[in-house]
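The two complexes that follow have chain A in common; it is paired with chain B in the first and with chain C in the second.
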Partner chain A sequence: MTTTAESRDTRVPVTVLTGFLGSGKTTLLNRILTEHHGMRIAVIENEFGEVGIDDALVLDAEEEIFEMNNGCICCTVRGDLIRILGALMRRREKFDHILIETTGLADPAPVAQTFFMDDEIAAQLRLDAIVTLVDTAHVLQHLDEVKPEGVENEAVEQIAFADRVVLNKTDLADEETIGHVIRRVRAINSGVRVIPAQHARIDLQQVLDVGAFDLERVLADDPSFLTDTEHQHDATVTSVGIDLPGELDEDKLNPWLGTLLRTKGVDIFRSKGILAIAGAPKQYVFQGVHMLLDGEFGRDWRDGEERRNRLVFIGRNLDRKELERGFAACLATAGAVA
Partner chain B sequence: MPLGARSPRQPGPSPQLRELKETVRRLLGLDEDTAVMVRQLACTEPGCPPVETVVAVLPMDGAARRWTLHVLADRITEADLRRVLLATDQDQQNH
Partner chain C sequence: MSTAVEAPTVWDIAVDDAPVSLSARGDLVAVAGAEGTVRVLDAAMGAETGSLELPGGSLSVQLAPDAGHLAATGPMGYALWRRTDGRTTVRESGAWSAAAAWADPERVAIASGRRALVLDTDGEELWRTDPAASTVTDLAWMRQGRRLAVAAYGAVHGHERHTPKPVVTYPYVGSHLALAVAPTGRWICSGNQDASIHIWRIRDAGDLTMSGYPEKISRLAFDDSGFWLAADGAPDITVWDFSGKGPEGTAPRSLRCHETITALAWRPGAGGQLASGGDDGTVALWYATAGRAQQRLRPARELTGDGTAVAALAWAGPHLLIAAYRNGRVRAYGVPSRAAL
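And then the complex of A and B:
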């Protein structure tokens, strides 16, 4: 489904493919490269040199973490991607879609932040979705792995950042394990769409050009996407969804959000929401990765449509009550109907 | 404007940032394959200044470099860039 706004968006969609070694990334990638889907795809990955496969262009990249600032996690991007994407955009006519395959241990944050950090990249490319593959039979042991102090659990992060989780190799796991994995995935990232698969055989329309960073499109498919978050008391990385009617006082919202991202941004992997700003005729739609936030006014509030605010935070050690209380304090009105 | 808001989508990147990038390219004699980023950061981790503008240069071959100007991006002049980028004791980091 393509919205009117989306059809005007001529930027090249970018899919990020993450997942541990053995999760089936390469199998899915090969399917994407060989299946007749009508798209010309440029692939950025780590294993091949630059070769052409059918209509695809495959470019080699060596992961390079580039700190824009002195080690602050909010300012870390992928230097290799910035170089390659810049070069790719000079060959814009040769492809319709870009797919970035990360290494199994890659942190998705610098990849995602690359699309928030540079306005030239943001003007030409749109992050379409982060797709994470998991090996159903083995992912629990990765999720449960205890890491040394200060070391991230990459498997947890890759699920936390995901818009789609492909639950691969379900033929190698029993029903109980599959159910357990799904519950664990949703405990980390409640809104993520889970796609069971064997041999990475999925309908590619479920992962390519899905507009997962277009909240209006996502909510049209799943109205409870932002707020259908269960309370999880035993998980470190969780989702907190907030759904509050009313309009927000910008003068309260900005300092609250600014302080939140400043003090907790390291732990907030992703944030997204649609807000009603007092005095604004349009919805305010935002997406964030750690401390970086990108927002714009979307469609008009419709006549009679209830002004409400829906947002979700996915991150580590989130204090649901504190987030709910802090956000509610930004309201200028409560339950107002336009 | 709400935090994080940008102007309604423009057909291209900010003309002002593009101009700054072009100035960086000219001053450093960069080829078109070299990526240039200019980004104003409001990173407020302890020890970081509240606002700074980072200029990063990433050649296809060779080390990436960056410079930090403690000036808002829209206040940076060519003289500022010339002073910082061409200084012999550059405040830069190689990656």
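And then the complex of A and C:
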């Protein structure tokens, strides 16, 4: 028996696999299930009966999206997942990992929000990462597809929400297309890790148990999140990264962030950041999905470490200038430096 | 001040599954496990009198009022069991069956996907409802078994026999997780995913919402008088007064013992006595209607548990409290005094 000073998160990690039909989700699932990793895995499938492996528990689900009456207009959860995960956690057999395979047309937001909104689930399970598979040769046509007013382009959303994008079937695309797809993916989600693959053959450590929703690891694995991406005029879904030295006035930050998420939360798919709050010895780490935000104080600022703020918003019609200006106004020294 | 007398353990058995649901009727107790094991026990001794397996696991078990039959429901379907010869009818429908409710000894309603089915004791379908907006989450009979209340996303619907369309709809946007109908026939209540209790007056469908709970409400129970409703949704159990004009504008009593409530069961009778179970393995007994509104109460007694979470509680008559623990132990505690706990 070992004891560690830090309390380890013993909750079961959950990976969400998204991607269009034909992107290779089933191939990846089969690969995960048949590889000898020694893990006991439960799979919740939204696409009926494609996977059947003796060793794993496979459950079918039909997407049920529920609105929540909490004043947050975009806040929806997945009722099917709440009940299936609830029943799963009551079993004696313990799973090392849970995989949720969504349909090609699924909106990842309700899936992610379920882990923020349901306490029973949040107590026992943690959302590890959203992994989006794309068919390299065909993804651009999905991303470029013009949808009627008010209808989401699911392919864009799935990229915007992703913590990992698996660029599958690179053997069926030429170099130019691959480069174009990578630039396009990064234009939407600048910090996302892109994993090229053929036949969904990837190192599972790159997609399982990566802790992308772990506040301790927010941005830690996204060193490139601020890299300025090639600007695309046609891209309505983009990332805005902000990196600003200084300390924030909590009394200015809270109303700004609160108002921003309340008024623009529908368009802000994901947000995350590490902030320096004036007077706080620890870093403030947050992570959000639409209007829902989860934040806590993380590690101590080290001696001599520059107090700075790094955050990123991924969303639709983001106004970079306005976000930068609004955030800068939250600095404790705002006005003095501006 | 708690009394020092420990409730005598009348019997104590183990089942080879993680219990999720208990039902006690007449001289029988049924316990259903997450992996689908259903055991029928003699309430007096805990001896097994029957058993069945529900493929795909179980979610709920309900004995008929006369203990002549049993219905078990689960993620992949449902099963019926007959006491006289142990005959079991398993229906692997592939549809999520969250709950069963007996109208009388001859008819049972079973949630099946987005519909409710009403079956006879042989499992023959008598009638079924039209699909609800989502998978059905709970069922309750009203009007002495003449009307079936069906909870799903967005509304509770009232159905009468052989009419697939609802005869009455109680709408409220939200996911209704648990249903309770007052034995007085005056109130219908749903516990909601959005951390509220929604209440309708049956007479005129006038409604009100009790919000402000920190967590979703998944357990609701009226006592035998129909004057008191107990609910989870917070570390404190809330007990609302439904006598007179109902709870509008009133404050509940708060019962403080558990961090996370996992079971609620009113003692039969109108004495306002409640048993509750927690995730930490504690079972508490309460004079739940003592004191004043808004008062925080302490348990009359805490029972020695098994160290693992309480999965379910049920009273087999007023003198025997059955507790099922997550580790498979099922224990019967004697509560000999009629008036006291």
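The definition used in the following text is that the second predicted complex is superposed on the first by the 291 of 338 C-alpha atoms of A that agree within 3 Å, B and C clash if a C-alpha of one lies under 4 Å from a C-alpha of the other, contacts with A are read in each partner's own complex, and residues count from 1 in each chain.
The rule we apply is simple: a residue touches a chain if its C-beta (ideal position, glycine included) is under 8 Å from a C-beta of that chain, and two chains touch if they have at least 3 such contacts.
None of these values were measured; they are calculated from a predicted model.
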Applying the document's definition of touch, where does A:297 land relative to chain B and chain C: first, second, both, or neither? first
Superposition-derived comparison: chain B or chain C, residues of chain A touched: B
Does the superposition put A:92 against chain B (first), chain C (second), both, or neither? second
Have a look at where A:82 lands relative to chain B and chain C in the superposition and call it first, second, both or neither. both
Applying the touch criterion given at the start, work out whether A:120 contacts chain B, chain C, both or neither, answering first, second, both or neither. both
Taking the superposition on A as described, I'd like to know which of chain B and chain C A:64 touches: first, second, both or neither. both
Taking the stated contact definition, name every residue in chain A that is touched by chain B in one complex and by chain C in the other, in rising order. 64, 66-70, 79, 82-83, 87, 90, 118-120, 123
In the complex formed with chain B, which residues of chain A make contact? 9, 64, 66-70, 72, 74-75, 79, 82-83, 86-87, 90, 117-120, 122-123, 250, 253-254, 257-258, 261-262, 275, 277, 284, 286, 288, 291-297
Chain C to chain A touching residues, read off their complex: 17-18, 20, 34-35, 57, 59, 75, 94, 96, 98, 134-135, 137, 153, 173-175, 192-194, 196, 214-216, 218, 260, 311, 326, 328
Applying the document's contact rule, which stretches of chain A touch chain C when the two form their complex? 59-60, 62, 64, 66-70, 77, 79-80, 82-84, 87, 90-93, 118-120, 123
Residue ranges of chain B touching chain A (in the complex, touch as defined): 1-14, 17-18, 21, 32-33, 35, 37, 39, 41, 43-45, 47-48, 52, 54, 56, 58-60, 64, 66, 68, 95
